[in-house]
Every structure is written in structure tokens, then in C-alpha cells.
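The two complexes that follow have chain A in common; it is paired with chain B in the first and with chain C in the second.
Moving on, here comes the complex of A and B:
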């Protein structure tokens, strides 16, 4: 009996991804701090606007401005206006010695809800006239923060809820790699055996891989429009992804342009291996060498840190498996169609090419 | 030919005049590029919705991609079936 269960497993996994990925709330975050610049040496108050925060639930909240690990400043006083709005007052001392005259400070609020709310570069501090305050910068070890408590996805500035796209946009690209990889393996198998079935399989998997790639670019453009400000900014990652897809489109142009079956199978199999070999550097090497807006470029890691924590891994890895299995299922359907079509043509039951 | 083009233009015009279509296009535009709005409006929109509509749009596009491919595959199969029946 043929294995069928994995096809239905893909649906189950994708449903799980959809439910888990959409229903788990984000941890607390800070949307805006105003004013966003201040001079030191005097008392300064800030309005803080939170996201998914529950300021009213807590009797004592730590509001901290942080320059670096050794230089933090707790708020002198704060007042909770609502669950999402908090006013904090700091007695800001002069910039610590050995530091630049103007520096960005991170705002940290704990507890803010289910964990800590953090906004990097929240306030631009500038050395001013002063010395009227008696406070000092203290090391961060004086405070204890718990980043996230309970089941929550991390709140990321700019990304906000769209961090959930990791389970769709990113997982789709991973699935495309697996599907196109399978296509290449079938091409190699064809070249080793000469069995035309493998060639049809390679073609079917490449078709589905391309469709997933186009979906990846389209979803990426939507995400970019709302985070980078432009749908298409000729970012190196976007450009290289488009180039990679064009290389694969040429694979199908090649297939339709060669009349002889054996010849078509052989040349397209060789081209498929070449296409997959260029895909890896185009998507994963070149964008890392230059500056890019996309995570995973210009030296910064894509998968790790705050962009993908353990709660997200619970959804992200199944999402990759789910999309890959679904892609394989559809590829199998295409292969079966191609095989019947091939048989009908070889028996002259339908028109030739 | 000219008559056909005029009819087509008329049809498109009346289609565009439908309120639903206009409302839809406005919503679509708004969801896909909120950056087109004023700066403050954009900020308020993001603050209230947390960019959740970006995720919805991405899911819809992924779903549509699969569906369109299946429709295309369906068409190819039907064409082959027609060919087989004719012979």
C-alpha cells in the first residue's frame, strides 16, 4: 500500500500553524516615548505608550533608561494613566565619563504585562547644563527583568504583529528550498538511470517550487510595504530572489523549446542542477555580503535572538514541514498528470507537442 | 471592433461606478500601502491594529497562490481529457 498519511498530515500541521500562530498573543512592548529627545542635568518626564501592556495590574513598576550594561537610571516617579499609557519622571544626571555627549537610551519597563517592555533607542540624551540632580547611573545588575512570561511571541519594534509572518513568508521560502532540492535530486536520478519518470518528477517539483517562490516574493512585498515603507526597494535580497526565479523560469522555457524527448530530458536535467546550484549563493551568500534591509544580511543573523525565540520555534519548524509536505502533495498530483499526459501522447491518443 | 471596444469601455465604466468596487479598491489600497496616508494617520493605524492586517494579507496571498495553481492544473487536466475523448 502506498503511503498517503503524510498528505493529510500537511493539512493538520498547517491548521495547527494557523491557529497557534494567530491566537498566541504578543508580549508587551512600547510603541512610542515622547518626547524622544532630552538634555541631561534636570528632571525630565516622558509619556510612554505601550502595546499589549497592563500597567494598571501592577503596584510597582520599574521604569528604567539604559545607556549600556553599566549605566542605567531608574525613574524617580511614575504615574499610570491607563493600561497603555504611563508617565515617567527621571532625574537625569550628566552623561557618564568616557561616553559621547549624545547617546540613545533604551527604555525598559518591568513588569509591563506578561514580561518586560523594551524600546531600543527610545530617547536621545544630550549633555546639557546641569548638575542640579543628585542621582547616579547604576549598573543593570541592580534590576532583574523577565523578558517574557507565559506563552507569548516577542514584541518587536516596527514588526509588531507582523512577526507572525515568519510562519508564512519565511516558512514558504524554506519549503521552496526543499521542493527545488527534491527536483534537483530527481534530475540527478534521471541522468543516472535514464528513466523518463524521474524527469517528469523533476519538472513537477520545479513547477510547484516556482509557484511557492512567487508566493514568497509576493508575501515579502506586502511585508516590506508595511515595515520598510516600500514594496520593492531593489534590496539585494529581493533582487537576488527575483534573479533566482528568472533562472528557474528559463528552465521551463528550455523544456518547451526542445522537441526531442530524450534530449529535452537530458538538457533540462543538467540545467536544473545548475539552477539549484546558483539558487544557494543567490539567496543565502550574496545578500550576506552586502548591506540589506532583510534580516540575515550584512552580518546580522536571521534566525536567532529576539527574531525567533523558543515559542516561535514551536510554530516555525512545523510550518516549514507543513508547507513542504503540502508542496510535495501538489507536486505528486502534477507528476501523475504529466505521466498520464506522457502516456497518452506516446500512444498517439492526444495531439503531439 | 470599435463597437466591441466601446461596449467593453462602457462595461468597465459601469463596473467601476458600482459602490462596492470603489469601496473595495480603497480598502485594498489602504491595507497594502498605509504609507500612502499621512505620517500621523499611519502611526495611529499601526498603534491600534499592530499591523495584524499585514499577516492577514500574507495568509490570503499564500492561500490564493495554491488555489490559482490548482485551478491551472485543473484546466490542464480538462484539456487533456477533451483531447482523449475526441480521438
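Moving on, here comes the complex of A and C:
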């Protein structure tokens, strides 16, 4: 048997994905700031709880409240209670001119561990009575926040450690699209040539594509149970994913319900192409119309932007390739099985089983 | 008569004649379908009876229907009636008649004529459902013309989709069951878009603009029609 290097490659990549994706720690982050609302014009102190932070390691920590690039406020004083707990006191001046009476401020702490910890919308500030506070809002340029150093995945509230599911749930779903795409290509080749091997390949790839899709949905459901609180909440993408699987299950029903071999091959090839084409509106158009609970929603799927930083790309892209190659490998095995089965049936060898 | 002076000048009338001939063929196929349907009566009257019964059952069992429920109900009725109306498209083209048609006409001509016939049939069904619902319950539709536009657009998508599905299902022995199994998931994106669009016309805001939904339907139509035109010849030949 000739050496098929890409099969080994898929194993290597998936091992890398598993190790790297599971072992690399998350960057420092802020879990909670309490109280989460305050009025301006007085001294206010906040309890800050961090995640993966090492407050005790640093002599001087910048704790800053940020309204926008031009309006930031350093803490007047802070005390470190533990590695994960810090008390900060701010002399909050009244809201700058030209801003709304109440606004969310971002909490920035640097250094917090291996970098900066940020919590957007940490504190809701409201214009208060306007007591005597001597501080002023200063531009962000006055501080030097360095980017997070070292290797780790970004900390996101709610997602937290479950951000690692990107390499499984999302990557599996991508791999499914590639495998189903390959299945469609084989269907086209069948229609062009009339060679039944292509039809069996299309069927094998579709079967594996569906298994990968089910794995993708299952990993997504486990993730959803932990972040959304419910495994299945009829989110538009969940619904559409289920419908996509239904379409392909119908493909297998179709395959079993046509007796004549040539006819079955032709019909199912045509349906396979049709089914893949309907996946595009199903998975990429309709979910954009409706609000989704998915990360990065409000119209856009979570690809790019802040949801996928460079460290995550290091794992995410290989993961897609790895799952796709593994899928192709298994598809080849299924294809060989189908071919043997086909041969056995044509020679009437199966009757003894 | 034909222009004999230039070489290329004759091309225009010939292409024109081809188009006219093709249109004539399509028209006569549509007429043939209609005549068969009209003379046999049972298919058409069965469809009407099905439609009327369905609307009756819905109205009687719901009693009071709020606008969102009306919206969804309309589309569910349309889905069932539409599937019933269209999925039998190729059942009459079996046996000798199929061989006759295979010899006589191009498969694409047949597909186009069937699609147009089904689209018109679906639109009439939608109008009837809308009319009957409006008789029994006060209709929540505010913008009637927009609603008619919506059902016309959805009828086109349904017609293209179901015409193609029915030829696939027709290949199998258990074609009626198979057609429903295959048809429903494929129609779902169109149906969801339809629900969104008619929600606009009854004054429920779903966010976004209705023109965006029309564009999506148009894109789906073009995609599915292109695929049907490409794949149909493979399915039509035996």
C-alpha cells in the first residue's frame, strides 16, 4: 500500500490541536467588579475579582476606568488582597462635557498577570450631585498598557475556558462543509462520467460529512449547556443546522428508495448537488437575518475581529485542516467498504450473512 | 423576407424565430397540462376540497386567531396545499406518454413549462387560502399589495423548488412519501423568509427591510433555477 502522508498529517495535527488547544492557559481577565454602578463626584471604591491574574507579583499596578480614548481615570489608591482580588479607589469627577449623563466605563488593569486585564462595561457611571473632586479625565495616551505577552488564549466573559471549543465545534462544522463539498464534487463527476465509483464515493463522503455534522452539533450543545444554560434553545443557527442534517438524511432515504442502480446513482447525485446548494442559504444567509445567541451575533457570525486572536488562529486553522483530512481518510475507508459490499451483492455473496 | 445581403443579418430573425418557437412550445405544454387537469377534474377538485377542508378545520378549531398566529397558519396551509398541488407534476407523464415527450421535446422546455404552470397554480392556491381565511376571520393584513407581492415571490420559489423535487421523487417507488421527506427541509429557508416578509405586511416588525428579503428570495430562485436547468436532463432521461 502506498504511503499516504496526509493521513499521518491529520493525526499529528489533531494531536497538536488537542494538546495546544487544551493546555495553553487563558490570559488574565476580570470576572467581576462590584459595585457595578456608581455616581460621579465622589470617592468610590470597587472590589475587583480577576481570573488567571497574579496581583501579588507586581509592585505597581495601573487600575484605570476608561470611558473612551480621550477620557480615562487612574485609581487614586489600591490594595491587593490576593492574587485574584484587588480593591481600588477612584475619585470620580463628573461626566465630561458632550457625553451622556450615564455611561458604561471599561476597567483596565495592567500589569495583571502576563498582560493587561480588561472588562468592557464594567461599571455604570451616573452623574451625581457633583461634590468636590480634584481629579480630571485624561487621555489614554498617558498610560502605557502593553499587549499581553506570552502564549495564551484571550479571556472573554461568559465564554471563559469554553473558548477552546472553537477548535472542536467550529472547526468540525467547517470540516463538514468541506467534506460535503467533496461529496458534491464526486456527484458532479458521476453525472459527467457515469462511473459508479464516483457515486459510491459521493455517498461515502456524505455519510462521513453527516457524522462530522452530528459531532459538531453535539460539541456545540455541550458548550451551550454550559454557557447558555440550555443544550438546545432553538437558536436560529441550531435550527438551521438541524434542518441541514435533515436534508442530508433525506439523501440517504432517497438512496434506499430507488431500486435500479443507475437510476439511484443519477437521482441521488442530482439531489446531492441540490442539497449542497440549499445549504448555502440555510447556513450563511438565513442566520444573518435573525438575531442569534451565538458569539459575535447581532447579524454576524464570530469569525475574525476580537473573537479570534492570533494565538487562537495558530490552533483554529490547523484544526480545520486536521478534521477535514481525518474526514477524508474515514470517507475513503467507507468508500472501500461500500465497494466491497457492492461487489458482494452483485455476486450474490451476501446471502449467507 | 429574410435579409440576403449581409451574412450576419440573417441571424437576428432566426434567433427570433427560435425563441418564438420555444415560447410557443412552452405555451402549448402549459395548455396541455391545464387541459388534462381540467378534463380529469378529480385532481383539481380534490385539491380544492383539500384546501377548503384544511381552512375549515383550522378556523373551527382555533376560533380566535391573533395576527402572529394568522401569519404562521397561512404559511403552514400554503405549505401543505402547495405540496399537494405540485408534487404530482410528473405522475401523469409516465409510461408511453413519457417516451412520447422524451422524443418530441427538449427536457428544458418541459421543465420551464412545468415550473411556470406550477408557479401559477401555487399563486392561485395562495390567493384562495388568503381569500377563504379573510372570509372567515378578519384578515390582519394591512398592506394588501405588499402581501400579494410576497405570496407571488414565495410562489415562484416554491414552484421552482417543488417542481424539481417532484421529478426526483418520481424516480422512486414510494414517490409521495419521499417527496414530502425531501421537499420539507429544502423549502424551509424559503418558508422562513416568507413568514418574515408577510410579518411586515401585517405590521409586525422583524427588523431589517423587506427589500432585503425579496433579494434573498430572488437569489435563492436564481440558484435553484440554475441548478434545476442543469440537473433536470439527467433525471428526465431513462
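Heads up, the rule we're going with is that the second predicted complex is superposed on the first by the 339 of 353 C-alpha atoms of A that agree within 3 Å, B and C clash if a C-alpha of one lies under 4 Å from a C-alpha of the other, contacts with A are read in each partner's own complex, and residues count from 1 in each chain.
Here, a residue touches a chain if its C-beta (ideal position, glycine included) is under 8 Å from a C-beta of that chain, and two chains touch if they have at least 3 such contacts.
If you're wondering where the values come from, they're calculated on a predicted model, not measured in any experiment.
In the superposed pair of complexes, A:49 makes contact with chain B only, with no contact to chain C. Judged by the touch definition given at the top, the superposed model places A:274 against chain C, while chain B stays out of reach. Between chain B and chain C, more residues of chain A are touched by B.
Of the two partner chains placed by the overlay, only chain B lies in contact with A:161; chain C stays clear of it. Of the two partner chains placed by the overlay, only chain C lies in contact with A:191; chain B stays clear of it. With both structures placed on the common chain, the touch criterion links A:12 to neither chain B nor chain C.
Of the two partner chains, chain B is the only one touched by A:222; chain C is not. Once the two complexes are overlaid on the shared chain, A:214 sits against chain B while remaining clear of chain C.
Comparing which residues of chain A touch chain B with which touch chain C, the overlap is empty. Across the complex, chain C is touched by residues 191, 240, 243-244, 246-247, 250, 253-254, 257-259, 263, 266-267, 269-271, 273-275, 277-278, 280-282, 285-286, 289-291 of chain A.
For chain B in complex with chain A, the touching residues are 32-35, 43, 46-47, 49-52, 54-55, 57-59, 61-62, 65-66, 69-70, 73, 76-77, 80, 83-84, 87.
For chain C in complex with chain A, the touching residues are 164, 168, 171-174, 178, 181-182, 184-186, 188-189, 192-193, 196, 206-208, 212-213, 216, 219-220, 223-224, 227, 231, 234-235, 238. Considering their complex, residues 18, 22, 26, 31-32, 49, 51-52, 159-162, 164-165, 168-169, 172, 208, 211-212, 214-215, 218-219, 222-223, 225-227, 229-231, 326, 330, 333-334, 337, 340-341, 344, 348-351 of chain A touch chain B.
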